[in-house]
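Okay, got some structures for you below.
Shared chain: subunit A. Partners: subunit B in the first complex, subunit C in the second.
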Partner chain A sequence: MSVTAPDPAPALAPPSAAPARAGRTRTAARRRRLAACGALMTPFFALLVTVFLIPVGTAVYLSFFSADEPGLGFGPERTVFVGLRGYLAVLTDPTFLGGLATVALYCLVYIPAMVAGALALALLLDSGVVRLRAWAQLGLFLPHAVPGIIAALIWLYLYTPGISPVIELFARADITIDFLGLHTVIPSIVNIALWSNLGYNMVIFYAALQAVPREVLEASVVDGAGPVRTALQVKTPLIRASIVMVAMFTLIWALQLFTEPVLLSQSSPMINSRFSPSMYIYDAAFTRNNYGLAAAASVILLLCTIALSYAVTRWTSRADAPEEPR
Partner chain B sequence: MSAADSTLLRPRLLGRATVNTVVALSVLYTLLPVLWLVLAAGKNRDALFSSSLISLHDFSFVQNLSDLFAMDDGQYGRWYLNSLVYAVVGAAVGALVSVACGYAFDKYRFRHKEKLFGLVLAAVMVPQTVLALPLYLMASAAGLVNTFWSVFVPVLFNPFGVYLGRVFSQGYVPDEVLEAARIDGAGELTTYARVALRMLGPGLVTVFLFQLTTIWNNFFLPMVMLSDQDLYPVSLGLYAWNSSASVSPEYYPVVIMGSLLAVLPLILAFVLLQRFWRSGLTAGAVK
Partner chain C sequence: MPGRHSRRSVLAALAAVPLTGAVSACSAGAAGRARSTGGTTRITFWSALRGSQEVVEAFNRTHDHIQVEFQQIPSGQQGGYAKLSNAARAGNAPDVATIEYPQVPGFAIDGVARDITDLVSDSLRAGLLSQALGLTTFQGRVFSVPLDIEPMVMHYRSDLFERHGLRLPRTWDEFAGLAHTVRRELPGRRLVLFPTDGATQFAAYAWQAGARWFDTSKGAWNVSLADAPSRRVAAYWQRLIDADVVFVNAVESRQSDAQIGDGLVLTRLTGAWDAGAQMKARPAQRGQWRITPLPQWDPERPAVGTHGGSTFAVTKDSRHPEAAMEFIEWQVSHPDSLRARLSSGTSSQYPAVSALVAVGRQAFDRSYYGGQDIYRLFRQEAERIRDGWVWGPRMTATGRLMQDSFARVGAGQGSLTGSLRAAQDGTMPDLRALGLATTQHST
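== the complex of A and B ==
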């Protein structure tokens, strides 16, 4: 697949060989190389086609049909072409719009908190004044080794009155707090995600900061910048590529919000079965067996992801522009 | 950092104390919930709900451990084994497949290569939840729903691993080595298997570790595909037990103990393979 004619550039025949023979060897070598390239790429692209391209195509296809029978939904006698009506149904469904609003709010709180928190910690660790730096990094990184569902379980228990030492501590100070109430449930979910990923992103930023040339920092000190200014105005712009990458991955993951609310929904009446778009898709597909609706919602979620990722890259590259000539 | 700039950049004493306090508080934030899990795993059901965490007189760690493996005819042991197979075998195969492809992207030239690479990168962006329904329908058409393969095959796909594989191949495998092997008359694939793959070792381990984490964490796909409890990975099994816990509270201690045990393999993998994944993070972030 996809391995077409090569560039003529790589020629490895020994220079002493006769031109005709060299030509033949070259062609043979090129063919051998393409065959090898194909062999190395085929397993991955076979996966790409079966678990990525065909499913995305199927989702788009299904979204134009109303199929109420279980199965592949291709049977012509039972599926009805409904065009964009599936999308209309999803976009006018208040529970789906509610889910979108929930995720939007979640992203607005979570992404800035994550990027700022991880960056701040990385800058502090990079400042050279932190004691036991390697241990601190290890401690901060530890939650990354805790699977998402278990992180949600731990925090669910820490949010549950009767089990939670946190709630008990608050109670001793005469503060009653319901972590799974109407206004606290989103911050509670943000907290779980933040706890899980803060250390991981901190390590990425820290690694990028290690690559900042020391001369640049010395120059900024000579120019009279204090440590805080150096961190914010010299180091931070220099690791912009990492910041964009972290923000992007955080965004993509945040839009899929599923594991934490599904687990918390076992204990909180504030989380219904269509709390986030992903939960809506699951509910539509596997509880209501409405594949067309689920497919339309999936495509909308996909389009939102692509649009927002594109916006992040565009926005950051525009923000880069004035500072480019350095 | 050299001695010269550490004196230049040294903040005042107050600043130093503040910095250390902030970092210490952050570490407490990340460590205390794990510590709670460890302490709570040693509590029996009544103690979990009543006594304070630190008191040791209701200590029943061993009891909880044997309860865990006895619960529901030893389901937990089976789930654990399933997870290990899904994650270790899946990550090993997946890493080999992705790194081979990334290597080919780096070392060979063909038309539309960058467009094809763009497609790979685009695949990173697509949410799992979008693919789940079509994958379920495809698996059900193929009669594979509720089988090992329905969970095992999709997790092999790791486009970010291809990206990392390409970056590592650029960094670790010099073109001259391949030229030399070609002049010696070695076949392309032999060169890859005997020479390049060895140089790519640390990169391969990094991709393996990333994928191991992802598969061990996998929850949505098994939830969609599996109804047979015997095929569950630990994540889904604990979720199911936790659903039962609100009705039958005897599940609480085993869920907590089960969570503690499920955390161990990844911690072990991260500690053992530490020097590899650190380089992997740097490669992903800086280049």
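== the complex of A and C ==
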């Protein structure tokens, strides 16, 4: 997940870097500091190597080398370099491209809804309109403490015709509703994701809002801004950095869409085993036994994620630039 | 009995799927390996088929030099195949594994099923129905031994047919006419179900019509899921669906169980094995069902496809392939084996070794089907199985692609012909990525 993205500035070098001529004590101090630094950084790099670089390297290897048999495939196997074969297969696979389209649609619905929803709630709480603020926060945050798979199971229960009390309630009012139909599947998944993550992101925004200088707010009140205007035109621009961060993490998380559709697929034929790219990869590796294809698809998904994250960062930092000269 | 038996309990399966995947991945390492101790060769055997325990016990009782350790595993689609693949990857697959026909090429290509051409005795080869052996033979090499072969037949509610004066359809045209009649005259009832989860049923229809979804005769995998006979079959069922004269839903579902249980559906088109499964699942309908040949496109030249059926393979990890083969041969061809299997309950499997048909016929309780000699019918239909059908290298995935699209057709989006094309388009990248030589000629 997002943890694996290496932090670009872990302050590798201590500020006082290599003075040319140093006393013995200074060298010793420096050495101690380096040792401490190394000891503290080792766990990070050890984890980076074992849970990120080695798996990525293995995936890249698997995508370029394969145990092949010529012709019909019934002969003896031989490991050969297959070049871009896996990548071409993935990129010409309509089911993979369909999965990408599904996730793109999901992102288009989910990310704006998530950011806008979390921001609105945070602003509401911050404005002091809401009573029992702590309770409201707890209530909103609680779903995030529920593991994703349990959340999906809960919603699966609420979505499945025949056992869902919600559907039954609607049925009594003569409204037929199919949460897992052809056109309702994506909104249903978005709903689960919102339920799980809204409170968490709201807390991030709320924390950022606490850091907004009070004098700025006072100034805006003196200037005659109402509460809505203060929220939208004063507070919101001031927590831009948090908004960008939440949007990016949400994007990375959304691109790896897996748990919810996998569980829902057991109740709905509208979610197939290749519904999202992550499900495609799982299916390719574990039901089709096609590790080369799965590896190539994984690398493609990783590249897409990196490219999109980079685009978001670049785009927002460029948008930031004109504000710099004050 | 073989085939889809344990997929009956849909709810249990639904709950078990995520678990079986995880469990099978973990327990694969615990599988016993073949080992010899003092003149006795020990081999391991995995199967999801009911009655396997009884068969193994009967074998062990009568054999001293080979002893079989049996392990019951989940059926293929419920995690059994994943378990087998994982075990083979880890190098500890059992000596003998059970594989259904559609999955044989995949396991052969992956190197899990061993080439056993030289181990199959001439007498066994001669005893097997040639169409059955043909399904497990590629490039002249045999990769597994058929246990049963299941021609597709028509199960029908003879009581309802009689009461409403309906005549048995001999051709598909008559069948379509009858479907309209039933729709018109029997409110709430339909002649048949088009199963949206039934890629194997559809394959059997296409097979009967002369389709060749896969062909290996030219040294490459030629894939043509939407060839002319398949398109004909697709268009035929599409018309029935569009006219709303058939049910369209999953067959492995409570909905379908209710349709059969409540007598809403008048016929079931399925393999011979399903006669036994029906007896077990719905004892209350005793005497109401009969079995008759599947409708034909051309009654002058009758043909059928198969639906279901299992085979036994010796895996690459077996240290005693000869012993494994001896067990397999006994299992598929010895009367005691079939008797042991049938003793476990109701089964109507049609043995691929023709000499055993008489044993099955004798052991089968005819009362459920009103005394009908269904084995005589099965024998006649088995002879009509169209030769030359080849299953594909990734049949589970191909079938799923088709079913994903069938489900959409059921929801009113797309067409059955489109489903065939979607399955074709989704299958090709898979085969290419495996490094197989492929072509896409079609009629």
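Everything that follows uses one rule, which is that the second predicted complex is superposed on the first by the 287 of 326 C-alpha atoms of A that agree within 3 Å, B and C clash if a C-alpha of one lies under 4 Å from a C-alpha of the other, contacts with A are read in each partner's own complex, and residues count from 1 in each chain.
Keep in mind that, in the parts below, a residue touches a chain if its C-beta (ideal position, glycine included) is under 8 Å from a C-beta of that chain, and two chains touch if they have at least 3 such contacts.
From a predicted model like this one, the values you see are computed outputs, not experimental measurements.
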- prompt: Who does A:F170 touch here: subunit B (first), subunit C (second), both, or neither?
  reply: neither
Message: According to the stated criteria, A:P269 is in contact with first (subunit B), second (subunit C), both, or neither; which is it?
response: second
- prompt: Which of the two partners, first being subunit B and second being subunit C, lies in contact with A:L182: first, second, both, or neither?
  reply: second
Message: Quick check on the superposed pair: does A:F258 touch subunit B, subunit C, both, or neither? Answer first, second, both or neither.
response: first
- prompt: Can A:N290 be said to touch subunit B (first), subunit C (second), both, or neither?
  reply: second
Query: Taking the superposition as given, does A:P94 touch the first partner, subunit B, the second, subunit C, both, or neither?
result: second
Message: Just to be sure I read the superposition right, which of the two partners does A:L158 touch: subunit B = first, subunit C = second, or both, or neither?
response: first
Field: subunit B and subunit C footprints on subunit A, overlapping residues
entry: 70-73, 266-267, 286
Query: Quick one: in the complex, what on subunit B touches subunit A?
result: 1-2, 4-6, 8-11, 15-16, 19-20, 22-24, 26-27, 29-31, 33-34, 36-37, 40, 48-49, 52-53, 97-98, 100-101, 103-105, 107-112, 116, 119-120, 123-138, 140-141, 153-154, 156-157, 159, 162, 179, 182-183, 187-189, 192, 213, 216-217, 219-220, 223-224, 234-235, 238-239, 242-243, 246, 252, 255-256, 259, 262-263, 266-267, 269-270, 278, 281-282, 284-286
Message: Could you list, by residue number, the parts of subunit C that touch subunit A in their complex?
response: 14, 17, 21, 81-82, 85, 106, 108-111, 115, 138-139, 141, 143, 196-197, 216, 219-221, 250, 393-394, 396-397, 400-401, 403-404, 407-408, 410-413, 422, 425-426, 428-430, 432-437
Query: Where on subunit A is subunit B touching in the complex?
result: 2-7, 9-10, 12, 29, 32-37, 39-41, 43-45, 47-48, 50-52, 54-59, 62, 70-73, 120-121, 124-125, 127-131, 136, 139-151, 153-158, 162-163, 165, 195, 198-199, 203-205, 207-208, 210-211, 214, 217-218, 221, 226-227, 230, 241-242, 245, 252, 255-256, 258-259, 262-263, 266-267, 277-278, 281-282, 285-286, 291, 294-295, 298-299, 301-302, 305-306, 309
- request: Would you mind writing out the residues of subunit A in touch with subunit C in their complex?
  value: 66, 68-74, 77, 80, 82, 85-86, 88-90, 92-96, 181-182, 266-267, 269-270, 272-274, 283-284, 286-290, 292-293, 296
